[in-house]
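One structure follows; several queries about it will come next.
Chain naming follows the written order as A, B, C, D, E and F, and within any one chain the residues start at number 1.
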Amino acid sequence: MPTIMVDGPPIDVERKRRLVKKLTDVAVEVYGIPHIVVLIRENPPENVGVEGQLIADRKKPV
Amino acid sequence: MPTIMVDGPPIDVERKRRLVKKLTDVAVEVYGIPHIVVLIRENPPENVGVEGQLIADRKKPV
Amino acid sequence: MPTIMVDGPPIDVERKRRLVKKLTDVAVEVYGIPHIVVLIRENPPENVGVEGQLIADRKKPV
Amino acid sequence: MPTIMVDGPPIDVERKRRLVKKLTDVAVEVYGIPHIVVLIRENPPENVGVEGQLIADRKKPV
Amino acid sequence: MPTIMVDGPPIDVERKRRLVKKLTDVAVEVYGIPHIVVLIRENPPENVGVEGQLIADRKKPV
Amino acid sequence: MPTIMVDGPPIDVERKRRLVKKLTDVAVEVYGIPHIVVLIRENPPENVGVEGQLIADRKKPV
């Protein structure tokens, strides 16, 4: 029962649908197990820091 | 200092209270340690995928 | 498909069996969903810090 | 900087390589961000419970 | 590429900025690796339980 | 009761001690709460992928 947690920026439902479908396809293929759970976590840019700086304070996404 | 993270659908505060109380009782009994932290994460149905499909797109909860 | 992750000290398989059974019973009762996944993470005492000190350096477990 | 955590059974390094490559391709495509981190967690069957039962106690993987 | 996830109460953006900066400095110093990602998770007091009780039900923060 | 989870490469116990002490100091200062738990997760280089490639397959750490 592999579980995939994805932390990324907010995305719309159509992208979530695609993300879940494709990540699941990969996991099913690699693990050979059909029961895959995917949890999408949407992080506002002020809650993520990269190399010491908030995403919200950066010029471009990373 | 065992820590329990629970990812589930949104629930009301009375259920959270019961969830925290009961999960803690179990952990105290099994680990023999009284200091238990429980974190409840509420995931909207469009952020969870089961077997490649968003919960939001399913007919019944899983 | 609620998922429960438990971070605690190493335990034997009999305790794991009991932990999984009882945590699942609680989650099924509170969420009303039968499909519960539990992941047990065993953390050596040198990998856990409480109030700034490694568990491995403490006199008694917390 | 999306981060993907995958909890599954132990797998060999060739499967890990494929898993990282393919999950990253999906995330890059959906998020449009090239900097993806993947963490693979390998869980022994006695540390995972599905519907109240340890994987180690089941007849077939789930 | 160390990743730090912090679960705490909600805080304002100035504290997030300081948290990310300082946690990153520590990780860079200890690991000797400059590429650190920090994820801040803000948990409402009704989603956190300590010793069996919701933070929301306590008199003072813990 | 803030909780900090750190995913990084394996490190020796002296570095873990320093990591726990310093991360806790930062969290106490920012949150104003003394009860901080730190969990250190050590990831072998074949279990971490950066931009689609296993750390184990890279020339230098990232």
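Just so we're on the same page, a contact is a pair of C-beta atoms (placed from the backbone, for glycine too) under 8 Å apart; a residue touches a chain by one contact, two chains touch by 3 or more.
Everything quoted here is computed from the prediction, not taken from an experiment.
Here A-C and A-E are compared, and the pair linked by more C-beta contacts is A-E. Chain B and chain E touch with mostly distinct residues; of the residue numbers seen at this interface, under half occur in both copies. Chain centres here are Cα averages; for chain D and chain E they lie 25 Å apart. Rounded to whole angstrom units, the spacing between the C-alpha centres of chain D and chain F is 20.
Residue numbers of chain A whose C-beta contacts span two or more other chains: 1, 3, 7, 19, 23, 35, 37, 39, 48, 50.
Chains that are in contact with each other form these pairs: A-B, A-C, A-D, A-E, B-C, B-E, B-F, C-D, C-F, D-E, D-F, E-F. Against chain D, in their complex, chain E makes its touches with residues 1, 3, 37, 39. In the complex of the two chains, the chain F residues touching chain E come out as 1-9, 11, 15, 18-19, 22-23, 26-27, 29-31, 33, 35, 48, 50, 55, 61-62. Taken together, the chain A residues at the contact with chain E in this complex read 7, 43, 46-54, 56-57. Note for the complex: chain F touches chain C at residues 13, 16-17, 19-21, 23-25, 28, 34-42.
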